[in-house]
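So, here's a batch of structures to check.
Both complexes shown next keep chain A, but they swap its partner, so chain B is in the first and chain C is in the second.
This part shows the complex of A and B:
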């Protein structure tokens, strides 16, 4: 199915980078020349509390903002969103559109028989990706889990290009080194911090790429198609 | 798309940066904090040659802002919700000092119960303080409105502080494309601040905000404030024309959407107006001739523009994202009073209350709003306040109440 707009809801827990993931996706879509808007929803800013973010990507001007009630894609960043109901909507997939897609970060199935049946009725595809394992393996830190969620949805739907994701990540994380104008020791410390950042950036990008490839492969194997239309030539 | 993907908060910070402010007294509060964080970083790294000072409270922050502006500095500050209320006493004072500072408020509903998401009871509580008010719909408009706010505030015909409002979450944390204006063009739009009556000179001491005894001098100064605020309508017109010429974006005191042949018009403000546009498009697709009027400048109250946009309509609906308990919507009162004297006033004015605490307004709710407006217009009799709450939301609340009573019974 080719759509004019793809609505993505990311359900995660505080500290997992769901907000950043939506922002990076929207930045990348904008770089691809598409219309995009992203925003978060959260309550108390604390780790492991429910945190949601939304990213809308389309080929026409988007007059919608805020809470995303009817998503095409839901990404579950943490098993507890499902197993402990850490979600702002119950069940976590409420509002999902027919023939939509759910991507779950887990190395084991989490859905009840009832959930499986309801999603089947809606012709919603479910894709499990062991995102945290991939992040640990490729980036050496589970902090890069959000990168696997970016990569997988991009790989399956092609809503943003890998090129644009690369640029967006550079912009979001790659700060230019600026001499402090203070002491040499301070400059040295800043340089070290900068070098560390550069390394993190490379690792994040590698994680996105890995998940992207997994997503592409899954979509091909399962003949799954959910994409945003190409922009009409200006 | 053109522009950088930027949150409304960062767009606000860019507005202050491009305006070349001298002094920023600050105090953090969600969902505003990102504004002062960005400014603190820019002041620290030398990108902004301004003085940034973290104060002990919003009350002190607003006092310092007023005092800084009285000394002749271009001053910026920002707050939200409870913070705005804590600064309340000082809002009236600094407006009376006739200092042209700019205050950004990031709307967040007021306690109790405490929450983080937006409605406009905070900013509308400040509507009589003597601050002018501009309410923004998009992140781009936040940045642009701050530049326009300085231009208007610092005009000798006005010399009043301006509050620029943006909705928490829906703009503050929402990333959308924002074009950052060219600093040289901004310099052409916004000349340096050279106030005739402000500034600090040891050889020429003077007092501001002195006590006056008796109503005669007091009334004189209050009348002057009102007249200056009304002057801002003309000053806004000039600023908007210059802004459009330099930057290609046009901002009027009110903004119409698909008004031309509209029978019924819904009035909204701030970021939810974007949802209103989508609702108008959807209703038009179903054959309803409806339009939207967005209030942008709330103070001074743009009576003439409102009458021009709304006269001769069948029905007008006002969607207040605020609630004055015991009365209803705040803005509908001002709209109704404004339309009363026009012979071609609409046959019905309906009042709706929605979006409290950031609650979504669903497509079905907009459908109901337009249907009720049509009905009211045909009957020639308005209604309201209608408190928007869907069946699904009611069920959700009942579930929460069951959970709460169960856990209480467990104790």
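This part shows the complex of A and C:
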């Protein structure tokens, strides 16, 4: 299915980087020349509390704001979103559109028979990705779990290009160093930090790529298609 | 050529002080992908602000902290944190009395806590700009965008504008000072937006050049003298003559209040020029109109698209300024409408009340849909409201929560 707008709901827990993931996705889509906005939704900020973010990508200007009540794609960043109901909607897939997609970060199935049947009725595809394991393996830290969620949805839907994701990551994590002509010591400190940042960037990008490839392969194997239309030529 | 004009000179950050009209309407723009909070920072970078006073409250904390960075970079002359919102707004008054261009930000419970200061600002004719990133004010606690606090601000004598997008926000922060500081206006501005939906949302915003900034505030354009605490001109702070109970003091007080509201009225012509009208309209010849302000307008725009797909034509009125209130403009824009749908992010429906008070046959106004506590308003529920008004059965929301 090819749509004018792809609405992605990211359900995670505080500290997992769901907000960052949506921002990076929207930045990348914007770099690809598409219309995109992203915004978070959370209560009091604390780790492991429910946190959601939303990324809307489309071929015409997007006005819609706030919580995504009727998403095309839901990404579950943590099993507790499902197992402990750490979600803003019950069940977590409430509002999912027909022929939508659910990506779950888990190395084991989590859905009840009832959930499976309901999603089947709605022709919703469910894809499990062991995101945290991939993050540990590729980046050496579970903090890069959000990168696997970015990569997998991008790989399956092609809503953003790898090239744009690379640029968006650079912008989010790479820049923001204002070297204001300071002393040699300051310069040295910045260089050191920059070396670290470059490493972080490279590992994050590698994690995104791995998940992207897994997503591409899954979509091909399962003949799943959910895409944003191409922008009309100017 | 006025030799005292600062236009064309350079400030210590290398920004050229630019005629505000040239800067806002003619200078090239650069598209940037920013959150609303970052956009506030970028506007203030170019606003030649003297004093910013901050106090943390979600969802404006990020913007307040980012302006702290601007202070560190040297773009804002003075910046500090107050003890509470009440203290902040009182300190803002002090800085403005002293002739400074003042900026602050607040939200929800912070706005309510500081409320006493706002009619005082207006009465003292202080052109302070306050960003209000709306959030729920009632218990149980909510940090989400609920616009109830705006209804309180409407009665303070402040100018009140309601931005829909980060782009509005960027432009209106800069234009706001130009309107506020006009000698025949000289009033504070509450520039409101819906928290999170604007402050925490990344969107494309076209920025003016970073090497241009607004002309500085000229306190000698104030219609009332700068405050000198050693010799207060009208002894406003201690033992003011207007507190004496006699005819003169009553008459003074009444006329002073009338003058504040007359100044709100006089801001109309400036606001129309800077904001290109107090309202924005689309297809107002349609039988059905959606009329609102803030992101309720955005949700309305999405609903209009969904309805167009089903062959139902709906027009739109975006209310940009709430004070001054565009009563005449709304009366004109809604004259042909059979149904006027007013979606709002608050439980009382203050926008619907304002509209009802301004138009004939006010039973055309459908005061809703409304969401309280900062919950989301999916465009689908506006679609439902429109269909209900037309007598069309709608099952769009039947699947919600299934």
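Operating definition for what follows: the second predicted complex is superposed on the first by the 219 of 234 C-alpha atoms of A that agree within 3 Å, B and C clash if a C-alpha of one lies under 4 Å from a C-alpha of the other, contacts with A are read in each partner's own complex, and residues count from 1 in each chain.
Going forward, a contact is a pair of C-beta atoms (placed from the backbone, for glycine too) under 8 Å apart; a residue touches a chain by one contact, two chains touch by 3 or more.
Every value quoted in this text rests on a predicted model; they were computed, and no experiment measured them.
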Chain A as common anchor, with chain B and chain C clashing or fitting: clash
Touching partner for A:27 - first (chain B), second (chain C), both, neither: both
First, second, both or neither for A:39, with chain B first and chain C second: both
Chain B versus chain C as contact partner of A:115, first or second or both or neither: neither
Partner chain in contact with A:64 - chain B first, chain C second, else both or neither: both
Chain B versus chain C as contact partner of A:198, first or second or both or neither: neither
Which of chain B and chain C A:95 touches, first, second, both or neither: second
Common interface positions of chain A, toward chain B and toward chain C: 23, 26-27, 30, 35-41, 43, 63-67, 69
Parts of chain A lying in touch with chain C, wherever the complex brings them together: 23, 26-27, 30, 35-41, 43-44, 63-67, 69-70, 89-90, 94-95, 118
Chain B residues within the chain A interface of the complex: 1, 3, 5, 30, 45-46, 116, 169-170, 173-177, 271, 274-275, 277-278, 281, 358, 360, 362
Parts of chain A lying in touch with chain B, wherever the complex brings them together: 19, 23, 26-27, 30, 33-41, 43, 45, 63-67, 69, 178, 181
Residue ranges of chain C in contact with chain A within the complex: 33, 35, 143-145, 194, 196-198, 200-204, 295, 297-299, 301-302, 375-380, 399-402
